[in-house]
């Protein structure tokens, strides 16, 4: 669907302009036009972007054809931006997804293009419908509004991951198992993904905040710096979370190794205590001491007492030796 | 609570000014005003910061709304700084916490804002009450005083961690266990946290020491360089501690693996020594040598002596073979 | 084989020029000559490159003699480029191979040299045969076309690896074994190789996009920037895949260690349950209780009941103790 | 103790000047004064440094109060340097220690301050007593002499570590044990420490060699570059040693894991060979074949031969199966 | 031995000049003098370098006294270079050694100094004897020739390591053992060493290729760039090999861990199958079922059949349970 909103200077805001009206609006320097292409077919979008707006074919291909890392390209008359909205669902197999948002920004217009739903854009649209002032402050402030909403959606995702790691840390000293391991690795992957999309977006905002581009007003720089600070902080937090997840994995492996150690110690102790005495009773179970051989002295009372004694003394000695080796 | 102290040139120091007095004081270029907002409600703080001081909404939002990484923003007329005080308690589950301190610094005023108690600020305040000279040297020196106190609180935390690592290193070759493991990981996390707050604060101080900002006097730069050196050293020490903790973990795991090795060797030796002879006595415990079969020669004296011999020779041979394999 | 195509301004495109025609064509500034040396002998190539084109001996040696990392050398009159085409076959022992493509680029000519088949060059050649316009836009656009095709072949390789990693991740929690391990390491190696050839090619394209070279038109820079963005993205994806493969290996090792743990626990439990009672029955199997010694009370009914009881109570007690130690 | 040596131009060298003489000497531009404060109390030092020399309070505090990372501060009239002498004793628990040396360097004086003995300074002092020429070449050359001696003491420490690592590498494939492990970790820690003090000192020398400071003569730069090269090389060697120690630890762990593997294989082989036949003899030791049941055919000669056969065939079959699994 | 070769402009090449002839030759700007000091004593070399050539004492000390990392120092009139020749023998305990080559390069002379044999220098010397043209192209080209030969010797070493790694990778999935482990670590150490000498030499060549030095002709830069490219490639390959060796070690450890896992599984399965039935036969081997107690029903035929049945059912049940736990 193609949505559009246009505010000419001194006139009332108009919605859903016809294609020829869009062309006319572009000619008027003082107004502000926002065209939002949401899930529109590639051909329709291409013709609009190429013919009505006159964007460079390479820029249009970038927008329509494939997914990109976040970036900003300066085409002189306009900027082309790629940003990513984040979709997070801890329950899912792959908890973190991103939806690409392509933006074209001219002196008096903003074009947003997306193939998947991005609530941040919808929220900004709704805000513009409710309150015209969002359109009065110029295209830079409108862009800021869109990006600010986009970035605001990152925090709940980061917080959910933080909580998940807290849960893992509590569990890891308790009952470590394959499920816990799987969720550690899922979180690790999600954090890698998150960092990989935050880092280039931070760079994009840094460029906007430095005022590298002629299309944007000098005065709007502080707003982009504000979002840039947000992204710096998000990156910082996600770095911290990555370290925590790494630590949780190390803890997990250490706890498992510890527990294995304890298990093996027990096995060894039991074996050391019982194998010698089992041999002893096996010895006295041989048939040498039966009618055939006249070795009856070996199976008389004193021998029995001796064996009973050995069955106490041998394990006790073994146990003391184990204690000296400091296993238990 | 809103505390304020004001020293006009040539006048006596006044405490706890009324709002309108604050406005008047700001107009006087030669004085020095310090307003400390400690645990004040967000609305009251906002109105004061926005209306009386006239700070930019984005800066005020940064200060009031959420926690930030340490940074310094130059707003021309004033600086906005975020710093972190450290709270350390080795006994706690998460030994290291930080409390955020927001500062606004103009030519003739300093505003400190905090929602949690920060002793370093209180100490500076008390020093200003005791001794007016702290206010006479200008706003740069007052800022230095606050930051210096703040940074001074890091050293005890670092020293406590250093001692804790020493203790761990002593214990690790003795009796390694899950408690030790848990404290290694707790320390590791705390150190990660520490480095993450020291590094950006070092950058802030570096900027102050380089004299990037018009608000500050050239002559105060050496003081900020001094704090900067402190932070460089703190970062360096915390790096060293991080390596030590990492080494302690490696040692722990190696010692555990070593011990496991020893345990398994013992299990194996005992099993190798006793399983064959247990089989032997089992063999002579079968019923073939009883009345039914006339195999009495197998259970007569010579056979008994042979079995006794085998029960000495077999384990001894096994033992020599083990020795040759160099396990013990 | 030496292929050549030449388009003089305003004339018809000619194919497979004679050597003297090539020399003549080079003198004409407005035309565009493309010579493709595919699997040609080193001597023939050398004489053509040295004598007809007059390239520097070091550059010609670079092209003919040995394989190189991707690079671009500016020889003033012409550029010398080394690029790599990728050949990927997941089934092979070493799934990723690269074929080197050497290019010489002058104001009015392009020379491509390769000893192994490179489909991307063949496709561009075929496109030039079909459609003369590829030759009309100048040498920069022709170079762009070749590189674009070359880089386009990377994506299927990267996607195949991505799928392979997905498959590994599914398998790793199921039935981990040496085959899975081998394919993890094969993928890891392939990704290392991939990153090592993408990174310098990205740098080459970056230089082309920055317009460092006099041979290329300013206007072609956006096209090279487009390929550069492709390579940035490919590098980014391959970085992500590398992390995923590393994570898969960690997962594998953790799962194996987990499983080992479970196996050892079972061994230990079984041993703990059966060794004591085995000793017990061994005890009552000794010959003390037979005719020789008059210990008949030990083998009468009450003793039997006691032994049966012990054989229930001892393992049950052991089991409870194990439960308390939280292994199961 | 405060030592001092002073050489006025054209006069004889004087030792141990009185405080007022020091003040006078400082006023004379052409001479060279060296004051060495070794283990002097903080108050006496402070008064000398503050009042006689007039150093900045912050610089004096740095020198007197706490230990620092190596650095150089340019205070305009003079430089303040922090360097570290190394003390190495492989036998000690913590083999590497450093003693801090603080230096103040003016146009015509050098002040050295240390609380612990530093032989390198003593050696330079003795050289100055023996040979006046060390004082004639100016303050830059004197500083060079001190630093050169200081750095010369690093090499024996580095060589001792190198030898220790060689010894470890020989031992690690022989008889790895906890003592070896402990010395690996001790060396690792010492190398971390060494790198942490060499790196900033290298930076200090780099600054001196670049000639950033007005206090030093241009012509002395080559001497500082020489020491800088020494430190570069020391850093390089210590990096190499760090890799070797890391490799030794990996080797240790791999050898231990290998050995454990061998031990477990042996345990398993013995168990596999003996458990089945032990069961067999146990079977024939049951009381079913005794007078009560008339199962005498089971215990007659043919059955005996069968059992003997099984006791050969079963372990042999097990052994062949083990061989097929390629464990031994 | 001191070798020398001298070619004055327009004269015949002379060999082995007398010391005074060397001095005279240095005065003549148009000629080219090469002095090669191979295994010459330090004193003789020092006097020649200090007095005849007049090099700075620090540079001469660097050349004579101790080994250095590769570097280039610009002494204005001349350059001082340190390079390393590589000696590789895979069979040796430490396969990679380097021999240091010190070079002094003036406008019209080259001095090479080495204490160990370096074939690359000998080859260049022989080439100069065979063909005077090597001396006619100036000192820059002679230096290039020496360095080119030096660097050419690196490739066989790198290729031998490559093959060794290939061999290891084949072996690692077959029969991993301590010998394989030792050769992995030997290769790892050799590669670390290789990278550490290639990296600074690359930097030296980079400086030569950038034309930072007045002693060298602008026109010779392309030759040094060619060697620089060689070194870049060598570094790149050695980086790749390092990754492969790291991967081989990981593979080794994973394979060993896998195999251990299999061994333990077998041990556990055998134990689980035989321990319960061994207990069973032990139970029926007690003396309760003999004449003393009248428990004959327990040892009659039905009981025997029941025991036989249990001896089939219990292991079968155990086996099914193991299968369900998916170990085999």
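Just so it is clear, A, B, C, D and E label the chains in written order, and each chain counts residues from 1 on its own.
The working rule: contacts are C-beta pairs under 8 Å (C-beta built on N, C-alpha and C of every residue); 3 or more make two chains touch, one makes a residue touch a chain.
It should be emphasised that the depicted structure is a prediction, and the values quoted were computed from it without experimental measurement.
**Student:** Between chain C and chain E, which partner chains are common?
**Tutor:** Intersection of chain C and chain E contact lists gives nothing.
**Student:** Using the touch definition from the top, how many steps at minimum link chain B to chain C?
**Tutor:** Minimum step count, chain B to chain C: 2.
**Student:** Starting from the mean Cα coordinates of chain C and chain D, work out the distance between those two points in Å.
**Tutor:** Roughly 39 Å separates the two chain centres.
**Student:** Averaged over CA atoms, how far is the centre of chain A from the centre of chain C? Could you give it in whole Å?
**Tutor:** 24
**Student:** Using the touch rule from the top of the page, what residues of chain C touch 2 or more other chains?
**Tutor:** If we look for residues of chain C contacting two or more partner chains, we find 257, 260, 264, 267, 271, 275, 278, 282, 285-287, 290-291.
**Student:** When the cyclic arrangement of chains is written out from chain D toward chain E, what order is obtained?
**Tutor:** D, E, C, A, B
**Student:** Which residues of chain B touch chain D once you look at their complex with the stated criterion?
**Tutor:** 173, 222-223, 225-226, 229, 232-233, 236, 239-240, 243-244, 247, 250-251, 254-255, 257-258, 260-261, 264-265, 267-268, 271-272, 275-276, 278-279, 282-283, 285-288, 290-293, 295, 325-327
**Student:** Using the touch definition from the top, list the residues of chain C that touch chain E in their complex.
**Tutor:** Answer in residue numbers: 56, 58, 62, 68-69, 71, 73, 175, 177-178, 181-182, 185, 188-189, 192-193, 196, 249, 252-253, 256-257, 259-260, 262-264, 266-267, 270-271, 274-275, 277-278, 281-282, 284-287, 289-291, 296, 299-301, 303-304, 307, 311.
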